[in-house]
Amino acid sequence: MYIIIVGAGRTGSKVIELATQDDHEVVVIERDQKLAEETSATYDCMVINADAASKDIMLEAGIQEADALISTTESDSVNLMISMLGKQYDVETLVSSINDPQHMDLFGDLGVNIVESPHELNGQYLYRTVQRPTIRDFMEIGSGAEIFELTVEEGAPIAGLSLIDADSEGLLPEETVIVAIVRDGELNIPRGQSDIQADDTVTIFVKNGASDRITDAFRES
Amino acid sequence: MYIIIVGAGRTGSKVIELATQDDHEVVVIERDQKLAEETSATYDCMVINADAASKDIMLEAGIQEADALISTTESDSVNLMISMLGKQYDVETLVSSINDPQHMDLFGDLGVNIVESPHELNGQYLYRTVQRPTIRDFMEIGSGAEIFELTVEEGAPIAGLSLIDADSEGLLPEETVIVAIVRDGELNIPRGQSDIQADDTVTIFVKNGASDRITDAFRES
Amino acid sequence: MYIIIVGAGRTGSKVIELATQDDHEVVVIERDQKLAEETSATYDCMVINADAASKDIMLEAGIQEADALISTTESDSVNLMISMLGKQYDVETLVSSINDPQHMDLFGDLGVNIVESPHELNGQYLYRTVQRPTIRDFMEIGSGAEIFELTVEEGAPIAGLSLIDADSEGLLPEETVIVAIVRDGELNIPRGQSDIQADDTVTIFVKNGASDRITDAFRES
Amino acid sequence: MYIIIVGAGRTGSKVIELATQDDHEVVVIERDQKLAEETSATYDCMVINADAASKDIMLEAGIQEADALISTTESDSVNLMISMLGKQYDVETLVSSINDPQHMDLFGDLGVNIVESPHELNGQYLYRTVQRPTIRDFMEIGSGAEIFELTVEEGAPIAGLSLIDADSEGLLPEETVIVAIVRDGELNIPRGQSDIQADDTVTIFVKNGASDRITDAFRES
Amino acid sequence: MYIIIVGAGRTGSKVIELATQDDHEVVVIERDQKLAEETSATYDCMVINADAASKDIMLEAGIQEADALISTTESDSVNLMISMLGKQYDVETLVSSINDPQHMDLFGDLGVNIVESPHELNGQYLYRTVQRPTIRDFMEIGSGAEIFELTVEEGAPIAGLSLIDADSEGLLPEETVIVAIVRDGELNIPRGQSDIQADDTVTIFVKNGASDRITDAFRES
Amino acid sequence: MYIIIVGAGRTGSKVIELATQDDHEVVVIERDQKLAEETSATYDCMVINADAASKDIMLEAGIQEADALISTTESDSVNLMISMLGKQYDVETLVSSINDPQHMDLFGDLGVNIVESPHELNGQYLYRTVQRPTIRDFMEIGSGAEIFELTVEEGAPIAGLSLIDADSEGLLPEETVIVAIVRDGELNIPRGQSDIQADDTVTIFVKNGASDRITDAFRES
Amino acid sequence: MYIIIVGAGRTGSKVIELATQDDHEVVVIERDQKLAEETSATYDCMVINADAASKDIMLEAGIQEADALISTTESDSVNLMISMLGKQYDVETLVSSINDPQHMDLFGDLGVNIVESPHELNGQYLYRTVQRPTIRDFMEIGSGAEIFELTVEEGAPIAGLSLIDADSEGLLPEETVIVAIVRDGELNIPRGQSDIQADDTVTIFVKNGASDRITDAFRES
Amino acid sequence: MYIIIVGAGRTGSKVIELATQDDHEVVVIERDQKLAEETSATYDCMVINADAASKDIMLEAGIQEADALISTTESDSVNLMISMLGKQYDVETLVSSINDPQHMDLFGDLGVNIVESPHELNGQYLYRTVQRPTIRDFMEIGSGAEIFELTVEEGAPIAGLSLIDADSEGLLPEETVIVAIVRDGELNIPRGQSDIQADDTVTIFVKNGASDRITDAFRES
């Protein structure tokens, strides 16, 4: 793929790293001279040191042939203008960071795939970790359902039980599904007879989201 | 809970918003005067305008009574020192942003729950969206397994089939689990007879991660 | 009219001056604190000191009730985003400065009336003045036609002649129309018998634009 | 011509572009090092990186042989001093930007052709567009008369009428002259029988300036 | 007198000090806010904190009634424009600092009394002191003549001699006039019989300027 | 002479110009890199780009062999320290700018020849010019006496008179000496019969300083 | 005592803390406004916010009555000028920081007690700690002698021996004196029979300075 | 030894100077580009221009093979993080500057040898010099004991006495030990019969610290 990436800041440089690892043809536009030079020296890509909010620059970057255009700047107006230029030149995949969730519909009207502000996401993660420190990673699904990972503590109520027994002892709320168990680095899709052991990392789906009742089952009481 | 939040930047302010919404007792430490004043005016919390990398300041913030300490600065050395002070004063929950993944073990040795750099995460999301534009949200589980959300397009091969039929037609790779289906805003845990319709948002677990074979089943061919 | 003006710089402040003189209800958004304060002190308008590239701020400025939205910033991406917000909220008249002529179509697609960069215009005027110093003001019409003003010098070939005589002496190229003559502060629409005198200010339409032949007719030879 | 242009900012660079396109011999004086270097790299001209408000520098630029001197800085005192030096060395054509209209007479006393501040002009255009959005370009003539361009809307009262009929129906105020009509890219000087069609771009002279009555005749009612 | 002083820097503040000591009515214009405030607090004068290169500001300062206008800024273009405004409003006495001696004629043409750059003068004094360390103060007159002050050292050849004897001993070159002698704080105009003593401060006029022959006569050999 | 000059600012560069013109061996110490480079390119001298308030740097500049040390910085403490180093290494002639007259004795104790602040001097000159605009240059001598230059205006009371007649008509106060007369570029020491003509430039010594009575004698009444 | 302290930076503020704790009358002069305000708010002293390198300011601070004058700035020229002023006004005790050891004699000539640059000292301490990590604090005496502190390690050769036995076993070089032993927080002046135990902190004088032989005697081998 | 030194500021550069003089293999990490370049040009060491608070950079500096790691920055959090990295890679000697004494235990827990802030130390020295100007250098030992140096003044009570006589006359308090006497550049360890002469520099240990009684014995009364 021919990918144009706008911005080589902390977010942009991660995108550049991933895209160049996969051997895509990558063109980067970065306004800051020092960042532009560092990017050019570090990754296998072409770097244009200019302000991308300009049709001239986007043409120089080859927008007419680009398969994807990823805008990572911290200014929604710049991301928006770049997406408009991308649409004008029929770039197939338009992706953009969005900094203020209220601007979502402006991007949506253009058919741009947006990714929420890293700072919003990060704030949620940090706070969730304080609320339920045992949960490692999580994903929200519509209607309040959640999928999350837990590590089973030594001496937790559920440790050593099969899923059926855990269920019959009422350790798990209804409409809870144990999706996967990672033990000693190996992942298994559990059945009813599968047991849960201390130190397992368990991926759980809960229709009503994480609650104390669930996390308590996996912690040493 | 008595929560000390260090940093009121873009990430920190999201944490402050969430923590004050839940009526926790919140003390914020922010070095930048303007940010400190804005935080004080916007949220129901106490704000100390100072550099948190100082035992004096942390004592002034009440570290001796804090239940949780969340460090959100963009400097790993500052986050680390704050976590050390938190440990010294036996704060129960220590959470910190981490900016360079290589520093993970320094925090791990202190027993700090860390949350990866927002910029790293964001970069992955942006790039993933280019690779598989139909996937909305996703979570990586150990050993290459992934859980992700897709919306079923009108005319996709899988649209209108039951899970059993989709399986027998070989539309889904082995060790794939349809964890949940959201239809008209309602979430269901599907059984074998459950069918998949266009416009459903489907949560899928795949042992070997997302592949073209899967996403193709859900897109109009 | 309820008019929102974005930017109170050198261009914006002229717009504010004109709009408040006509007793419109004016709301100004200006990012720079000092400029915002000066504007508030000088003109009869409400001033919001913030970055306008934000839906929040535009709502605070009353975009939902605005009749006109004038964007005067030196950043085309900001002007563009403001215009998009204006369109989203059905503001009847959208006007914007444009800084790079290449971005014209982006604004055109949104139905925004644009005004070319002041610096472009000014550059043309300065250079034109060097080319034909006797011409005071001019306007370009499609296909190379121009309308311009000249002051008739004492002793110029055309001074003292009627339009008919000037024509028969071949002083003016074909398809030239003398649109108006200002003499002693009074404007007249000339007929064939009208004469041209020294010190008259004459407005001339020429199908092929100003040329030496025309300006020579009005200068002392 | 040998032209010295002072200032290579946004206005100055337009002048430089025009003057070098016409193959004049151009010397540019620009104080800012970066701008000076860019100008030197972009245009075919000599660039001196210095403050022009110095006789030494003006001599170095060849003021003794210059045919024209164009001063485009944003400081009236610098423009004035440069014009004085130009007069001292008998430069034939002196042109200068003027930033504050009150300083007009200082320049006038020196015999300098001045061009009003771009920001003033631009502000007037933007505001005029809000007042009469159908007008595209306009020029003010003494005593309140104006010349302006309009595009005839589909279904406008005047569409399809000859000038004589439009007049007899009272669609146009007295002392209004249709100077030119551009149709399908071709410009014509209309006579009484000429008709006006939708999509024509019409140049109109009105002794008392644009009014609703006129613009209404050209808009869809 | 009603005096307007432009600039309250190091030079300007000395002028302000002298003018207010003599109870003139003084208006000061100073661009720098801090300097303007200090001036207002220190001297009995009105201070306008603005850029003086503007007719508006000069009118606010009362240029129409001023008897004198003293421009002390370090920019010759600003000094020049202020002097032009002073001339336009018929200020009787126009005085200005000049920074580059080459600009002298621009000021001269306006009838402005100029005072050479303090830095030029100072440089001459410092260097002269190295050349002839015994000379305290000096003034150059046309054609190479100089007037200067010396203090007679103990044991100098001239000490104890009358002027006539000094002459007959050839201690002084021809066309040298001892203009004044200050002894014990009292000044005398010497005659031929007057004698010169050690520690006298002597003011000398020499047609061909100071030379070693003269200074040697006054130093201990 | 081997001369070290500290500071290449506006004052210092004049000293450097004078000293290099006389072919002295000159070493310049200047802290500002850009100034240092310009000095090195413009004058025939060695330039050290460093802060001179350091024994190391002064040794590098050759203080041990210097005949004269001229300190021109705008900081009295730096000038003082440099003079102390000069004294320590027995430099024969020490000269320094002084910025605050109160610090005179600190320099005096070290045996340094000081030159008053250029800004003080300049302020006096500017103000004097307002008081007596006809006086061109002047020098103050102890006890209120002054020497100054005047140009005789056409029609002045003294024009055409011999010195004796001027005296007998009481045009000049007592104890006034006409020291020199410059006519047509030639300087003469006048006697009693010498006459004064319009346009002569006259150097006058007055025991009680310049007064209106004197300047009136030389102006057109 | 009446003490004037110049500079309220990191060094100066420590001096101010100590001097105000002892209830001296303290006047502080600090150039930086923010530092001056903080000092005034924190300590019981008068603070003047000005540049101290000025006789005016020093008089305002009361130099005529001061008993001591402590100069702590990072500029030797400023420290020097302040000391000169202190000497001029007969301040009894003059103390100054010195930043460049080469300037020591300039201060010495004035009779100022100087304290070496904190950075020099600190650098020596850090490096010494790398050379002999067991040494805690040390002081250099003339001719290479040193006094230093060591803590006796468990299992060190000297642990458990009396001084006499340590000597006879040749553990200590000649001309070594054990000046003091601190054990359990109590200090004793040892005699020959006194013994040395693990964990004692021992103060040792060695005529030829610390060597491996000595430090080895106190470390676990 | 292989030594990594973090920071090349005023403290760090002293450490670098000492370490390179002893021919150690030195790697310096300095964030500021200009300082890094100067260090590289001045000392025989490798310099990395980067922020040291990063595992990557420390690995690049060779932390895995380093014998000593000296952290000299003015930020305790950076010093702390560097020390943690040093501990992780088993660097044998870890030394760090400490800026706030309250952070001592954080470093102590890591087994880092710390050196107190240079500014704290310097402040104590300056103030001590005011209290007892005759004391030259001093060292504090636990429990209030001190060792210090004095120079014996001409005419001091103790001058000319033997230690025994001084003692019997009660000139020295109990538990005072004269540790060393430097006379004419030679150091001696005194016995009871040794005498003290004017100009001797005497090193004294006093159990209760310096007091007026002691310093008076050594000063001219």
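Letters A, B, C, D, E, F, G and H name the chains as they come in the text, with residue numbers starting at 1 for each one.
Operating definition for what follows: contacts are C-beta pairs under 8 Å (C-beta built on N, C-alpha and C of every residue); 3 or more make two chains touch, one makes a residue touch a chain.
These figures come from a predicted structure and were not determined experimentally.
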Same-residue or different-residue interface between subunit E and subunit F, half as cut-off = same
Key: Gap in Å, rounded to a whole number, between the CA centres of subunit D and subunit C   = 8
For subunit B paired with subunit C, centre-to-centre distance based on mean C-alpha positions, whole Å = 53
Query = Between subunit B and subunit H, what's the gap in Å when you average each chain's C-alpha atoms?
reply = 50
Message = Two-or-more-chain contact residues of subunit E, please, as numbers and ranges.
response = none
Message = Testing understanding: with touching defined as stated, what is the shape of the graph linking the protein chains, line, ring, star, complete or other?
response = ring
Message = Under that contact definition the chains make a ring. Starting at subunit D and heading to subunit E next, list them in order.
response = D, E, F, G, H, B, A, C
Query = Which of the residues in subunit E end up touching subunit D in this complex?
reply = 53-56, 75-78, 80-81, 84-85, 88, 100, 102-103, 105-106
Query = If you look only at subunit F, which of its residues touch subunit E in the complex?
reply = 1, 3, 9-15, 17-19, 68, 70, 72, 93, 95, 97, 113, 115, 117-127, 129-130, 133, 137-143, 145, 147, 149, 175, 177, 179-180, 182, 185-187, 189, 201, 203, 205, 207
